[in-house]
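Read through the structures below before going on.
Same chain, two partners: subunit A is paired with subunit B first, then with subunit C.
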Partner chain A sequence: MRQLFFSLLFCFFSSFAAAADYHEQLNLRPLPQSALLASFNFRSNISVSDFDKGNFRFFPRSLGQILQHASTRELHLRFTLGRWDAESWGARPWNGAREGGTGVELWAWLEAASHQEADHKWLMLTNALSGLFCASLNFIDSTRTTRPVMSFRPEGDHPSLANTQLLHGTLPHEVVCTENLTPFLKLLPCKGKAGIASLLDGHKLFDASWQSMAIDMRPLCRRRNDCVLQIEQTIDMVLDIDRSKRPRHNPIPRPPPADQLPCDTSKPYHARDTCFPLDHTKNQDWALSQIFGRPMKGTCPLTDPQVSPVCIQIPHSRPVYASEGAREKKNPDRISRCFFPPDPSADFDLSLPAPADPSDPEILGPGTPLLYAERSFTGYGQERGGIQTILRNPSPHKEVEFIYMETLPWFMRIYLHTMEARVAGQPAPDKSLVREVYYRPAVDRARGTQLEVRMRVPPASTVLLTYDFEKSILRYTEYPPDANRGFDVPAAVITILDASQGGKEPSPRRPAAYTLRTTSLLCSLPTPDFSMPYNVIIFTSTAIALAFGGIFNMLVRRMVAADEGPEPGLKVLVGKLKKRLGALTGRR
Partner chain B sequence: MARLLASALQLRRNPRILKLPPYLSFLCILVGVAWLFLLPLDQYSRRTYISENALLPGQVHTYFSGSDQNVFRAYKHEVAALAGKTNAQINDGLEPLLRGFGLKTARQNFTYHAAGRAYAGENLYAILQAPRGDATEAIVLVAAWENVRRELNRNGVPLALTLLRYFKRWSLWSKDIILLLTPDSIAGPQAWVDAYHDAHDPSRVAGLPLKSGLLQGALAIDYAQEGRFESLHVVYDGVNGQLPNLDLINSVVHIAQGQMGIGVALQEMWRHSNRYGDRLRTMLRGMVRQGLGLASGPHSAFIPYHVDAVTLRPFGQGWQDEMALGRVVEGAFRSLNNLLEHLHQSFFFYLLMQRERFVSIGTYLPSAMLVAANFTIMAIALWVKSGQPGDAGDDDKAPPPPADEDPLPTVERKLFRPLAAVALIHAVSVVPLYLFNHAPESALAPLFALFALLSAASRPSSPTSSPAPPPPAPSSPSRPSSSASSSPSPSSSSAPPSPPSPPSTSPSP
Partner chain C sequence: MAAVAKVSPGQAAGLYAAAAALRLAVFAFLPGLSDLLAARVEVSTPVTSFKRLQEGLFLYNHNVSPYDGGVYHQAPLLLPLFSLLPSFAALPLPTDLVYVVLDLLSARAIWRIADSGEAGSSALFTSPRRAKRWSGFVLAAFFLFNPFTLATCLGRSTSAFTTYAVLHAIANAVSGAPLGAMVALAFAGYLSLSPLLLLPPLVLLAYDRRRPAGPAPRSGPAFAAVCAAAVAGVLGALFLLSYLVTGSWEFLPSTYGVQLTLSDLSPNIGLWWYFFVEMFDSFRSFFLAVFWLHLSSYVAGLTLRIRRQPLVVLTLLLGIHGIFKPYPSIADTSLFLALVPLYRHVFPLMRYTFLSASVILYSAFLGPAFYYLWIYAGSGNANFFYAITLVWGLGQSLLVCDLMFAVLRDELEVERPEIVGKEIRQI
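Moving on, here comes the complex of A and B:
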């Protein structure tokens, strides 16, 4: 029955395949230290005319309508958790183009004639996306929104960007979790029911060492007036194989029984109760159903049958076993191969056995990234601080030119004159390292600091970029809950410019060759003791009440001698009553 | 109102009132000291409690046991093989172990010069990056190669290594865990913490090549004794008398005592009966340590940077093994890992008198303030006296002439010379300060004795030898017994300006 339904569905959709196509692919890449990079990529196209008519097909309608409503030309949304360990994992997937800083990051080109209109549409967009993705995107207000000048370039083909504005916002404190994954999967044509998306389990995804979910929408044009809108959904995750292989019902890493602990028996002290543990993190053996907790449920019937759903990057010398009947296609580059499941409805599994020689894992070496970046705070105390970014160029003879963009909250007031770049090991700052600075100062409670620096790092050297800032004191209602935690500072975005292209063109117009983001920071501001205002209010109120009562009493009281005053007690009341009565009777 | 003022002015001349201040200030001292001795009573001290609910100490199962003990024994052999080698050789031996866990390691060189000696060494540290975290926060586990008594930390270092290997398997850490292995217990951690906060002198202490986020807490293991132990000694004094947040101590006590059933001792009170005498002794020991302000362990260097830290030191002969201590550390780290905010809820100023009893600043401060008040009272009294004619104070028996009609007799206070003398003597105190800071360690004790003698000798002779005795000099010898201890006369300021403690960065012998 299910098969019939799918085949019907397939027939129905294949007629549109020429105009609107969809394909998905999972790329697996074993990394050193028993890690595995899994990149899920889902891509669908829709012609602009269909989109304008509301004929969405594979394009998610919920997102499409939001984009139409906010007249968004190009959209990039990122949900990221954890950090990419460039030292051991090497270069980032997609050259860093499909990841964001920790938390949520959003940037979009909006069609707007003025700043006000753009702000209005941006507000609409963030609020709508916030509802769609169950994320606090609506907290991207004016203090967290910037208009990057040099860092971001549109990925799509736009006839003209004259009437569009680029807005960028980040939420570093947003914790990405399953409530963001579910709406993400719902945007897919096959949801999470079939195809590679069926491997995405919240428990495994959010137990990964690093994961990034990305949504990119951009127009692509082959010719003038022959444009398609492309939506690309990407999930990249780095799984720790040891951790993901633990069964779901017993995830606690209890010490293994003593006889199962691999020991180095060559140590002289080796005994039954003494065991020098062997480094067993080099060996990789896993199966898809093991590390994702379930096998792949067939293939999505809507996907392009020419594109293989599962590929793995591993030297051809190492065997990989797939489910029976699957077709294996080894690519000519000798480091990758793809698999075509035989039956679109049957479960598919893939397994990588342990290498024959445990000392040689036979995996691809990690690629060297163009730049390593690490950012940290300097100084201590609650008045001032500094930020230091260590930028290391690993290439022995190629200079790296990049744009360093920092978005700081308004309560960190930077001293721009203290910003200096120097090559590590040299005492004096080198003025030639910084080529161009774009700085938009913060306005208290209205907008944050935006700093974009175009700079270069000479070959095989390390550059330290440092600047100081002052911490301002917030009003006590402006502190968030858990104020003593500190305030998250969004990641810095480093866009490395492509040296091979652009030539004599002004450098910032060159396309990005590689993007990376530093980790976010936690800035501790002076935080009051929040019980103190209440103590002060209560104390001062009591004091004022006492003083006021006494003084008021003394001011308004008329002092007369006892015999001059009216007689006290009942007689006065009776007298008053009599007077009143007398007046009444007198009037009559 | 005017009458009230007038009567108050009248009081100034009342001879009985003028005789009062010495007795009043003596009463202040008496009450202040008596207050101190009341503090250990049940009515004045409080039971400790966990103020920060997020800590949840002792609420988690700890799994550090089983075959990890075999690993611990192996690491102990490795550490024992390195004993007696140089600092660099030790680090060369330990670094591959840490790298084998998949941790990032780095080293840091430092050289300090204090009291004529050089303290040089190399710190080794490793960062366990939180599996899903973002380098914003970190917790530190410190294992010094030698403890403050210069004993080899023969169980502490292997335990820290085994713990890190075990922690690496968990995915629940929200903060990075830094393992810091220092050659000694005072200079090494100081150099590392200074460099972590960029407060170091780059010519003596190297910067850190690898960093993580804000430090939220630190725990040091000092397990030098061989074999099993009975109880845990929690050392919490920081340099310059600073203390960690009480919640941290309470959590450790709670985990050790409540969850693991290990006794906890404070301030080297190996046996504590929880009666008045022991409580008082614990409290006074704590006060003396705070007053001296010396570093008491590897944790001390962290506290000035607002990083709460304690040292755990097992002692006694019992049946608790190193895995039990490991589970205490595991429990404490799980608690710190739960923290969303920096520790701020509980007290930073307190006196502990037993592991579960303390007095907070609100209770003990009046005692200190009363003792301090007597100086003010006597100073005001002496000032008032100095403004009266010289014979008035001398002649107590004869009532003053009918003062009601006369305006108050006043004398002009000649202040220039006494003030100049005080300023000069204060300025001269730079000499002992310089000497104490630069004398070699062996010369410190004789130097201190010399200055103590000098200042004691200068005291009785001050009225005659000082260039300008204050004008009311005739009156001051009349009551030497009561005012000698408390009067702020210039002679008292010639005492050594500070106890001969080396600067906070220098290790104490």
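Moving on, here comes the complex of A and C:
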């Protein structure tokens, strides 16, 4: 009885804590090749009743009102730059759940009874978010919007999704920059003035090799009628330590003097006077204030004091130095430790000295992702082409089943009958690799192609998925100002299904175990000559007039022998003129 | 009737066999050539491309509406027809045979038209020069071994169906089967819209050639009304059948709407695509209307002026369509060129044969080269190919005008025999 009481009490307190709490955490993880993954995570909750009444505390009011207005049940917004180098960095942070394709990606579950209503709310949502985040989200029109069928599943707890619709839009051409970071920071309770958010600086963030800003809003329910809305803001970035350490006052990279040049000593020709330069120096020491350009300005006073603001994932054998008085807590997993700054208002810094033995950097090995994916164009010329996706399963025993989703712009006309999947090294396509296809063809100027393929890759093998497409020529007003740069094609989204769960369920209903996105592509279309609309109109009209004139001239006029009929007009005129002249000369 | 060398059945069979063997040999031994031709803009337009047909077929067989997309713009009844055949990817021979047989049937139709002698002496007009003509054998051979026809067949362009339907309609009209002619014309119009403009001259041709003892009405207007009703009825039946096959009326905007509004601007040898690429948006609808009006303006003029020779009107209209329709291809040119040798007797009256032949040859060779420069090499721009399409159009319109001049002069010489061999002028 007593135990029950305590557990009830505990439930009450924890639910209270969950109902209105805020915490933030920075996770640092050194990666091979002198890269550093920094994951910022900010999370705040609001109870549904408070949200409905408009009592916003940690949840940003500006975003909350937009969500209320567009009756959004769940929202995911991503701003991404760069490429995650899976070959050297391994598995993605958060299993890929907090990243988007290059540019901006947005998907949301909207409450709507019909397609029209959903489209209307989606338009409202994209326009409002466009203003809030200073991004061109309002350019997500019907040609860039899809309704994914298999790829995305809600993360939150929804009593019923019967009356909601999932819409997804991407802007691969959008360049993510400082103007998107500022509104992102403004949503935080401490606004980037204190806590880990004070480390975020546009110069460093957008100089990263890869970065992804994510906003996720979802309802979480402990019980029926006990729900909170959670907003999670995440920034993941992979910093090149060499580049980040470049001093702010001297940011231009200059070749170092010959004696300071880092050389690859493993080359056979390495000598005192020959040097093969290394592109990155291994195992450098770094400090927070060095790589982010400033130290952390205390902790956010609103954050949950139980949650450590800074954690680092590195074997316990390596020393890490923090500001004086900071409490270090080594986690029992032996690979991560967290720090609690002593004084919430004092600056906090953290530094990692270079390892004692340079040959053994003592960092965590990169985790192997479930799948490697690479997508590229095949063929040449501006008339047609093909897309080839190379999907490699590194696991020696386990098959990977996933959903491959492409959203292509309408001016790439894909030929689905040419789609085939084959195991690399085998000449014939294998029909059993593709299990299910959902295809919605593009309609010119109205809708993009949506292709979702549920397929599998056998253990330790590589599968090539290929199909052909044709490039169409557009009206000259439909080309952007830099038409010959090409058109961005959004990233393909690969959702790997969790093989361990939902065995009896139909496969596509299984939750996602890992998500990854390919890079976006640049497709060059044939271009007309933009300088000559008038000339073309004139030339074509002339050709038509020649034919029309020639034919109707013969149709309406009568044929006579050359010496018959009235004199031609010019001859008469010349005759008259001669007569006149003759008369004039005769009079003289 | 002049003596035309009698062709033995063996010779005819030999011609057909040679044409079929040539096509099948290329299909079997040079599949790369037929794939190359199928990918050429001169052969495959958005409304006749075989690759698009395959895509439509694929979607149709997988229960996705092929018209709910921007790729397939061809007639719905082609889908069940081709899905009856074995899959092209697995076994291409039946599909290839369909195209070969279509070409042979078209050649047979031309043979019938030539043998009828309609080109030289129609019901209202008999040319004094009609003795000088080529036999059906020669015309069929012209058609079957015309490189344009060969390329169309090898590229598996679905315009082969339209070509056959048009030729079959003319052959039926010439041989006194008005109903068969109208049904065939309805099929042609169903497949590619613009042949519907051939209705007035075809009705006149069928009226002139109707059998005296036939059941057709005697008076002209009644005959025309019956013919128009037959075309409308067959078209309606075809649309209804298409509706039953595809389950919706979506095919109408996707098949005919694309031809009317030119929403797909893929390059082709016609004059429309670049004009509408460069057109200002506010004038697009206006010029679309003007272009269609222009295309249909020839029907009335030609039909009235050359009333005495409706087959000439049909030939000239086919030539004009090959230049000015929204998505022309060399299939349309090959159809026109197949009918031109019917007028062997007026060839001596033509003035610019050398010029038009050289212009057509010039653009036929330079067109692919300039297209390559634009799309693949990148050393030319769109104007290169556009200029060639202009020249191509001018060359063909020169030929059309020249043929028309020769026919009109031939008519004039019957009225005024003293003018033969003299210079003439138009007033």
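Heads up, the rule we're going with is that the second predicted complex is superposed on the first by the 495 of 588 C-alpha atoms of A that agree within 3 Å, B and C clash if a C-alpha of one lies under 4 Å from a C-alpha of the other, contacts with A are read in each partner's own complex, and residues count from 1 in each chain.
In this text, a residue touches a chain if its C-beta (ideal position, glycine included) is under 8 Å from a C-beta of that chain, and two chains touch if they have at least 3 such contacts.
Predicted model, so just to flag it, every value in this text is computed and none were measured.
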Just checking: does A:T477 make contact with subunit B only, subunit C only, both, or neither of them? Give me first, second, both or neither. second
Partner chain in contact with A:R224 - subunit B first, subunit C second, else both or neither: neither
Name the contact category of A:N553: first (subunit B only), second (subunit C only), both, or neither. second
Scan A:H397 for contacts with subunit B and subunit C and give back first, second, both or neither. neither
Tell me which partner A:A561 touches in the superposition: subunit B (first), subunit C (second), both or neither. second
Let me test your reading of the model: by the given contact rule, A:H249 touches which partner, first (subunit B), second (subunit C), both or neither? neither
For A:Y380, select first, second, both or neither according to whether it touches subunit B, subunit C, the two together, or no partner. both
Interface residues of subunit A shared between complexes with subunit B and subunit C: 380, 527
As the complex stands, subunit A meets subunit B at residues 33, 81-83, 85, 87-88, 102, 206-209, 240, 242-243, 252-258, 260-261, 263, 267, 269-270, 273-277, 279, 281, 374, 376-380, 386, 388, 482-486, 488, 519-522, 524, 527
Help me check something: in the complex, which residues belonging to subunit B touch subunit A? 63-71, 73-75, 77-78, 100, 102, 104, 129, 131-137, 165-166, 169-171, 197-199, 211, 213-214, 305-306, 340-342, 344
Over in the complex, which subunit A residues touch subunit C? Could you list them? 380-384, 410, 413, 415-417, 439-445, 470, 472-477, 526-529, 532-533, 536-537, 539-540, 543-544, 546-548, 550-555, 557-562, 565-566, 568
In the complex formed with subunit A, which residues of subunit C make contact? 39, 41, 51, 54-55, 57-59, 64, 68-71, 89, 263-267, 271, 273-281, 294, 297-298, 301-302, 305, 316, 320, 323-324, 374-376, 381-383, 386, 390, 393-394, 397-398, 400-401, 404-405, 408-409, 412, 419, 422-427
